[in-house]
Amino acid sequence: MIKEALNTVSDLWSLMVGLRVTKDYFRAPQVTVRYPWKAVSNIATYKGHLELVGGKTGKPKCISCGMCALACPSNCLTVVKRKPPKPTPEEEQALAEAKAKGEKPKDKTPKDPEKFIYDFTLCSLCGTCMENCPVGALDFTGSAYLAGYSREDFHFDLVQLLKNQAGLEGMDASAAPETGQSEA
Amino acid sequence: MTTYQNNDHLAGDFYTQNFAKTAGEGNLILNLGPQHPSTHGVLRVVVELDGEYIMRAEPVLGYLHRMHEKMAEVKTAAQFIPNMGRVDYGHALGWNWAFVGAAELVGGIEVPERAEYIRVITCELNRIASHLLWWGAYLLDLGAFTPIMYAFDDREKILDILQDPTGSRLTYSYYRIGGVAKDLSADCIRRIQEFIPWFRSRLPMYKDLVSDNIILRKRIEDIGVIEQEVCRRFGATGPVARGSGIKYDVRRAQPYSVYPKLDFEIPTSNLKCARGRYDVRMAEMEQSLRIIEQALEMMPEGEVLVKGAPKPSWKVPKGEGYFAVEGARGKIGAYVVSDGGKNIYRTKLRAPGYCNLSLFAEVSQGTILADAVAILGSLDLIIPEIDR
Amino acid sequence: MEALFSGLSALYLAKCDAAKTGQVFQAFLPASTLVRAAERLLAADYYIEDICAVDCAEGYVVVYHFDHFEAPGRVTLRVLAPHASPVVPSIANVFHGAEWHERETRDFHGVVFEGNPNLIPLLMDPDMADCFPLRKEDKARAKAKDMLEAGEVVYCHPSFTLMTPDAPAEAKESGGDKPATA
Amino acid sequence: MNAIPAELLNILIGLVAVAASVGLIGLVMVWVERKVAGHIQRRPGPYEVGPSGALQPLCDALKLVGKQLFMPLGADPILFWLAPVLAFLPVLLLFLPLPVGDGLQALDVNLGVLLILAFSGLAVLSVLLAGWASNNKYGLLGAARGVAQAVAYEIPLLLSVLAVSFVAGSLDLAQVVKGQGTWPWNWNIMTQPLAFLIYIVSALGETNRAPFDLPEAESELTAGFHTEYSGMGFGLFFLAEYANMVVVCSVATALFLGGWHGPVLPGPVWFVLKVSALMLLMVFVRWTYPRVRFDQLLVINWKWLLPLAVANLLLTAFFVKLAQFA
């Protein structure tokens, strides 16, 4: 009987304890981030959409081998290779000479891709393409705030994106998709 | 009154009609879900109610079915890994591990030791995050709004930590066949070390605010009693089985990775009710902290991905393999049958929530509606995992 | 373990290496004794893990996985269901959890489980109940013996050739279909 | 001849003032509730519209007014729309006999407590109508719960109020307040602590506030009896809930906490302060506890509150009689 009564008291006391916890937290500082006015600080390690890594000259490091497109689980990458440039008359002559000698002509085609179409709507950000790139030409952006009005806004040409980025150094990354889209 | 009776043409779809065929006279057929606050997504349970008492219940699945097993047939093994993060958003790394482990089993691939430790650390962190998600959502089911905010506060810290190596916050695809994708950075390890004591200091608050609360205790004690025999017949594992007093944990029963080297306990409870499952999960979070602590100490330097790790075009050699890991909800299994072709011939994913939910119909019988919600929540359901 | 399957006219019993396949024992059973095997496993305190089907050239191999809480070790039961009429008895009245697994297998492969109390679509849309996504085309099917682990054979019925590596082509077909029709 | 028009005028002015203030109180309470809930949960709550988001409830109210009034197929149109009106209108009357200050009372009636208890009983009708008429199974279950709960919790509420009336010897709220003094030890809560506890618990049940918010138990019945209401139909239920809260807290203040009595500050300020403190307690309770189960709710009432209230009443009656003889 006494034990029961004590139990009842301790049960009721547990309600008081709960109120104490909420009271303490009521006075504790808030932990949320007021998003539009302040951005979260941990964005550095976040994987946003893909981007091409530029080499020293600003041209993409990519060698258009297509390993990424092959590896991609969701087929969201298309690499458009460059066509060989139209040879000048001298080069054509040299080519003919080389052929006559039986040498294999050296491929003068620039290795960087003409277009690197990337469909972000399909991408699951797994990183398989990056891991299978032989030259490390792909990387994730930290862009977490990507937004668009239509599906086409997320079809990027990464080559164009890289050019724009080089031109617009320091501009917000979120501006990039629109420019990329207009070129795609 | 008359309008009420003339609505027979609205009387539900295939499942409702099929269910209503055997309904008792004058009983109410109620569809809980697919849109319902306490079914955590798109689970639907058709219940037959007599007053508030549940005569019969039948879960209806498939609203989130994505046929991952078919997708596995059209992708190579390495390409299928991103799918695993999408199967279960709560404990994505457990699923990563199950599939990768099965592929390694059939392919006979050794994993570097550092990678094993990283897997243990990240998987256990993910388990805590999953339990916190459950804890918050369960109390939301029981009508307490505040705990989920506190739980998400803590979970946020784990997500921040896991974001470092994985790059994402929910649907991780971090493990690779033969290791992990990226090493833990020094900053990440420091943050994990800071997180452990901090989270330990939070656990008493959870106890004060919720676990000891008389209203909560009355809500979950003696509710949804699951006998051990029921666990066997339905294949319930994880906290559901442990809450019924079955000391079964895949990490100990069929040890994988470096778990045998780590010292931790398997919390069980003999209460068999929702309270037992609640206690087991709360205790498991502490054990996970212990595991992480030890793993951080024992973690050797070295590679995180085995040399010559499989490329995406890697073909799984002929054979079959079943690899199970202990997920937050129970035994996650991946059964792989390969004919040596480009894609895996057949991949079967064993979802623990699927088996745990299947016993709901039996356990909920005769309870009242509010209890059914409490039982449903105590099974810790993640619908994408159940529907796959 | 072998004793568990004695008198069930098992076609093929084999021990497996758990470190390589994740299983410790496998048994190929005729459909007729499947329910009895399940009853014995339940009596021996096994719990059901999952049921799935593998679409092989010889038919649908329905695979049942069982495990034990106290003495862990996965036991695999297999039953062959011919492509023409894939019917297998249901164990849903022994292991009640099997109901859902069987319904799932029916959804994916179209294997009918006779005796299942509620064999209606579970994961697939009831409107497309006759569409079985995991059925393979004939030429895409591989032979069971090429994929399934043979293990260390304990017993093999003379007429059973599904798992025997060097059987001539004709014998395989007849041998494969026999147990399911038996 | 002269007295009757003055009385009528008083009531009319009171009604207008009450109607205006109920709307205002509703808006303020919504803001307070959200703000407090936010701070408990370590987030700011509304903060965009107006200073500290104070205008947010106004925007929400405008949104509710602007929304389409939707009625489900098969619902009974008359009962369906009668229910929210019926929920809100009696609440207006409940404000009339509340003594905010000495003589500051819309309707000085000597049966104030009775009036309040009688009209607050109408709320259960609106719950029943809303749940029944909306042709929704959740609504029906919510209504069934609501009726059982309201009927049950009215009794201990009444009994605890009666105990105070015995002590004060009056059913007039102003008289009860006048019987109390300036300082806390002169208040009725000192002589009737048990009645106060019972009153607060049953008031939570009576106003369907968490942890007794079973008729609208979100996680079980989606929104219970008002599942099908949109726009201002829902808005009226919402407003009525907060207005009801104010009423029960005001009655508690008048009966137990000395009403307008208090040192230094003027009476109405004290009254509002005390009511606010009680409301804050109710808000804290809502954001701290899980919801009780339905059968437990009734067990608490019939097995605990009711016997305690009866015992309390009998004891009070005994001592009051004793004091009379002495």
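As written, the chains take the letters A, B, C and D, and residue 1 is the first residue of each chain.
Everything that follows uses one rule, which is that a residue touches a chain if its C-beta (ideal position, glycine included) is under 8 Å from a C-beta of that chain, and two chains touch if they have at least 3 such contacts.
Computed from a predicted model, the values in this text were never measured in an experiment.
Comparing mean CA positions across the assembly, the chain most remote from subunit D is C. Between the chain pairs A-B and B-C, more C-beta pairs are in contact across B-C.
Spacing of subunit B relative to subunit C, judged by their CA centroids, is 27 angstrom. Work out the mean CA point of subunit C and of subunit D, and you get 65 Å between them.
Subunit A and subunit C have CA centres that are 45 Å apart.
For subunit B, residues that reach two or more other chains under the stated contact definition are 146, 150, 153, 209-210, 213, 215. Chain contacts: subunit C has no residue touching two or more partner chains. In subunit D, 40-43, 287-289 are the positions where the chain touches two or more neighbouring chains simultaneously. Those chain pairs judged to touch are A-B, A-D, B-C, B-D. Note for the complex: subunit A touches subunit D at residues 15, 18-19, 21-23, 25-32, 34. Within the complex formed with subunit B, the subunit C residues making contact are 18, 20-23, 42, 45-50, 52, 54-55, 63, 65, 67, 69-70, 72, 74, 94-97, 99-100, 108, 118, 120-127, 133-134, 142, 146-149.
On the side of subunit D, the complex with subunit B involves touching residues 37, 40-43, 73-76, 135, 137-138, 140-141, 144-145, 210-211, 213, 217-222, 286-296.
Put simply, subunit D touches subunit A in their complex at residues 36, 38-44, 47, 284-285, 287-289.
Residue ranges on subunit A touching subunit B, taken from their complex, read 11-12, 14-15, 17-18, 20-22, 25, 31, 42, 45-47, 70-74, 124-128, 131-132, 140.
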